[in-house]
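Note that the chains take the letters A, B, C and D in the order they are written out, and that residue 1 is the start of every chain.
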Amino acid sequence: MSKPKVAIFDFACCEGCQLQIVNLEEELLDLISVVQPVTWREAMSEKDDDYDIALIEGSITRPEDEERLRAIRDRADILVALGACATIGGVNKLKNNFELDEVKRCVYGDAADMPHLDTAMTKGADEVVEVDCYVHGCPMDKKEFTHIVKSLALGKEPVIPDYPVCVECKQRGTICRYEYGEICLGVVTRAGCNAPCPSGGLWCFGCRGYAPEPNVQAARDVMEEYDLTVEDLQSKLKLFNSKQEPTNA
Amino acid sequence: MGIRKLSTASLHAWVDRIIAGNRVIGIQAKDDKFAFAPLSAAGDLRLDHDVAYTPPKAFFQPAIETLVRYRGIEHESVVDDDPFVLFGVHPYDMVALNQMAEIWSRDNYDPHYMSRWEQATVVACDVQNVSENCFAGCMGTAHVKEGFDILLTKVGDSYLADYRTEKGEKLADLMEQSRDATDGDLRARREVWHANNRLLRRHELQMFPNNLPELLEKSYDHPVWEEMAERCFSCGSCNLCCPTCYCFDVQDDVEWDLQSGERKRAWDGCMLASFAGVAGGHNFRGDRADRYRHRYYRKGKYVPEMIGECACVGCGRCISACVANIANPVTVYNRLLEDE
Amino acid sequence: MPESVDINVHHITRVEGHGNIVVKANDGTIKKVEWQVPEAPRFFEAMVRGRSFMDIQTIASRICGICSVTHSLAAIKAIESAMGIQVSEQTDRVRRLLQHSEQLESHSLHVGYLVAPDLLGVPSVVPLVSSHPDVVKTVIRIHRLGNEWMELIGGRMTHPVSIRPGGFGMLPTEDDLRGLRERLEGIVPDLKTLAEVVASLAGELPDFERETEYIALVNPPEYALYHGEIGSTDTNRTVPVDQFESVVNEYVSPQSTSKWTRWHRDSFAVGALARFNLNAEYLTPLAAETAKTLGLQKGCCNPYMNSVAQVVEAVQAVEDGIQLCDELLEAGIEPEKPQVEPRAGEGAGCVEAPRGILFHRYAFDENGLCTSANICIPTGQNHGNIQHDFEALVPQVLPSGQEETERLLKMLVRAYDPCISCSTHYLDVRFE
Amino acid sequence: MSCSCNSTSDKDLYVPEPATVLKSEPMTELERFLEFKLASGRELGHMPGQFVELSLPAYGEAPFSISSSPTKNGSFEMVVRQVGNVTSGIHRLQAGEKVGIRGPYGTSFPVEDGLRGQDIMFVCGGIGLVPVRSAIHYVLDNRDDYGDVKILFGCKSPAERLFTDELAAWEERDDVEVLQTVDKGDESWSGNVGVITTLLPKVHVNASNTAAIVCGPPVMYKFVIWDLYEMGLTADGIYVSLERRMKCGLGKCGHCQVNNIYVCQDGPVFNLGEIEEVREAIQ
């Protein structure tokens, strides 16, 4: 089997996920022993439209980006969504909670009506095209990324956790954020990141999207016990999971 | 073997001598909780801890461990045999470790777990401060009679060190300024045990634990399972923090050569949604309530039927860990008893 | 020789974010020289409205993956200023220690992975792996340390989680700090090697100068990165951070619709070179020596030298990092439990990001919910200056032909180390 | 039913031993037939109904029943349905390649002693034929030791039928009664159409001397067992093989636990009498 050709594309995002690829350091050399990058604007000048695997970073926020993504989908055998912006729309989806016109006016004032400032509702990649594989997280976890690349190279379905972040907190011995009276979305969020946020002194804000069958209703029910409000919870859920069911906690 | 008495100061001096020659894992402060961690000075040891946040099983069955290393089809067993001293294990956790040793060694002997167990010198310590949810007194685990190499009990301002094994004696040999315990000391120690039996009851189980299998036998269709599970996140916290839960998952990690790598096992939990799911989408315990019930049955019936002891040792960790506040075994078992 | 060129670099490579270069000249007459930024706008200032002050850092960090630490710090400082919070000396030190990790990580990434290929005439770092393996390994070691340092203090690489309003949610232990200190000491030889390599290639940097106003934080007698006021090479007057709007003077350029900035001149520059020009005398000893080795002198106005200034700053970050470790270890680490009661207010926060001075301003209501935000980003501040550099450079280099012109323009853009995804929270350019 | 694995303290039961693929060929769209030989040359030493953990480095391990009879020497056979990672990896195996084997594990159909002299009825749905085939061969290779032998086999569609040659050969024999059905027929199929329970009324059994061996998808058991009771069989005369998620095969990982039973150790073959009262066992 010849090395699969990989192309990396970015849409609206902070490029932190691409940075995680660079952060592989020496392992980057191992990576290119298994796959052959042919297009990667942030790191190399060469470009090639012939590729097997397309890695998509960023959310889709403009009609022209949808077209670009469709063209990429057509060329790629496997399309991988890289990071929260691409997998679930990520933080960019916060915008969807406002009137779009008002959002533009807020940032651009009188210039807001100019056509190039047009923005549409933010979408994750799979709201535009079919996605074969998800690398969750904001930013994605580089270890999980390498696991996924190796799996693709082996023709294997990557094993992505389908349980909540709590599991990884317990595995790490991290003290539960609820012990500090804070809302942590770990209970409804898909693990796989190794819980860096709760372990690093923050709560989980749900960047990996919901775990399968999240019990959001239960989360709503327990708020009172911690002197927290459902509004607090809703607000937290919106941060990374706006307009993605089930948000109506 | 024997029982020695030493002052708190000599205890510290003794611990420092142990540290000088051994890898010591000791109970220490972690934020405003306590956790076992590598100990570098006796001053960091907190024998007054209420409960170790993560149970000591983590040092025998690590959260993630390598079982086998492979290169192509050549497989090689990976067994950790680095000796260590585990310092400050509470009695209920000691009971849990004893159960685990029984389970991991019976039928199919597990060299990975058992090697660590055999290499460990366990210094248990009677409880000085009760954690908010401990109910060990109800489970008969407020005090432990065996399994440890040394048992420390604080009596007044001093400690009694009861060493039972050769490994324990080796450590005890490092004590300076200690004397044999007197009958009076032993009486004082018995009082501590009695007191602890009363104090470690933050929740009161209305029955003896050995009646649980019978009670559960009759409770399979009780509404409590559905009612409680309604609020369950299927987060597995109650499993993973439990000193007697040992279920695991196994996955292969592969190197970049795509040929060699490691087969690893990691903590798993029967409360997690896909625990009993198989390829093709069928899930043998797809309902939250079924999973919820399974955990209580496992603690109160299945494991007891296997090893003859209740698998809940009353540490109360699951009660604290459950965000939904539904994981309290005492609440559930009492409810079953009430409705009988 | 009258030259005709038609340069249209659609999405310049090896920079963070999307930028275009358009140059059109007919028979030596320059028709068009433009630096364009077609990055999709992301509307951060609008998105943060209604969010709790406790979530602002999490969101602000996402403006840019490469400067996530400094965006976080600027946001936190603004929040604390709005809520009237004083942080402890320990918090202050640990934050500065964290900021240095990003300086090291970002500068080594930029110089090693993005600029070095230009200096060595290859399209990416990949060919260097076989042609200059030792250099690549050195860069990797430095970059890795920057990242692991960031992870240690910030809780992870990229988008730190330990920083909270009022203090840290997670602090390094004293053992951590001792370990870090040792590693920082250990990286010094690699930094020296890097400096030597860059010095040996400095001849490849174009000899182009343009009188420029440089703007950076100043806080004598330190090489200001975290505290201080806004200084300029055009004036001795400094401006308090809270008045940053009067410095950046955002305006809409007639040639493009992006908001540009200017103070005393048509444009100004921020970044490593700006900081060096304003603060060189306060460099730590080895950093000062490195500047000498590299031939970098105060008053330099060759934008290509920004990459060289970054190397100097990488050394500075490590030296000052060691100093901060020592100070922290001497004082001993005290647990922190930041508890902040929200109150209504408004505040600005400023830090030096790797790419230059960065401003955040937020207003909150009495529940601590954000009511408005203004974020002014270094790359945004540099866009105008890049344009003016282009205008000065193109006539000089046009005779060397299309290819060379294009190469030098791309190198120029890269020298600024633009972080375009940052800048597009508010900036967009009309382009054809 | 005995468990053949014994505990030793000096051996790591997680370390598989190498085996060579002798044959690997497609059977149906989803199933592949594989024949293996242990590299050490030793016989696997299994009994019908037992399984092994097959390990494919980098892909993982999964449990598979041994489909060949212990009466066949020198090699053992498996049929693997492609459903996930390990099974997809196995489907790419070619003759000559190596895999890892742990086992045999679990209980077996008591063909060796318990069932001698009895009439035996095999009831298999789909891939359930795979483990049962081991017992069928065992019984047919010792044909004189048993009474009447009936094989009932049902499949979703004709294309999914396994071991069609062997089924045909068994049909030819006059000492075996073979009945087959498919849930949904097509032009290639002239036999019975209907679920497997539609075959049961067609056979006559001497209930007091008949043992039924039942294996198939989870949904099948309840219905088949119900009908067997109707026919007069008792739980003690019915043997089932259960499938659960499995990781270790050693009674530790907890995945296969059904109430207090570990399917990997106490099963996969159970006398129905043992588990009839066990909730969750037969769904």
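Heads up, the rule we're going with is that contacts are C-beta pairs under 8 Å (C-beta built on N, C-alpha and C of every residue); 3 or more make two chains touch, one makes a residue touch a chain.
Everything numeric here is computed off the predicted structure, so don't read it as measured data.
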Chain closest to the assembly centre - both centres taken as Cα means: A
- request: Weigh A-D against A-C on C-beta contact pairs and write down the one with more.
  value: A-C
Query: At what distance in angstrom does the C-alpha mean of chain D lie from that of chain A?
result: 44
Statement: Note: chain D sits from chain C at a C-alpha centroid distance in Å of 66
Query: So what's the Cα centroid distance for chain B and chain C, whole Å?
result: 50
Task: Round to the nearest whole Å and give the separation of the Cα centres of chain A and chain C.
output: 25
- line: Going by residue number, chain B touches two or more other chains at 31, 251, 254, 258
Task: Could you check chain D for residues that touch two or more other chains and list them?
output: 58-59, 84
- request: Report the complete set of touching chain pairs.
  value: A-B, A-C, A-D, B-D
Field: Of all residues in chain D, those that touch chain A in their complex
entry: 58-59, 84-85, 88-89, 92
Task: Using the touch definition up top, name the residues of chain A that touch chain B in the complex.
output: 27, 30-31, 33-34, 147, 150, 153-154, 159, 162-164, 166-167, 169-173, 175-176, 178-179, 186-188, 211-215, 218-219, 221-222, 225
- request: Report the residues of chain C in contact with chain A in the complex, numbered from low to high.
  value: 11, 13-18, 39-43, 45-52, 55, 58-59, 62-66, 68, 109, 113-114, 117, 123-126, 129, 137, 140, 143-144, 147, 154-162, 164, 168-170, 252, 257, 421-422, 425-426, 428-431
- request: Enumerate the contact residues on chain D facing chain B in the complex.
  value: 5, 7-16, 18, 55, 57-61, 83-84, 87, 98-100, 218, 243-245, 247-248, 250-255, 257-260, 265, 279-280, 283
- line: The residues of chain B that touch chain D in their complex are 67-68, 70, 72-77, 79, 103-112, 114, 220, 246-252, 254, 258-261, 263, 265, 268, 270, 275-280, 282, 284-285, 290, 294, 297-298, 301-302, 305-306
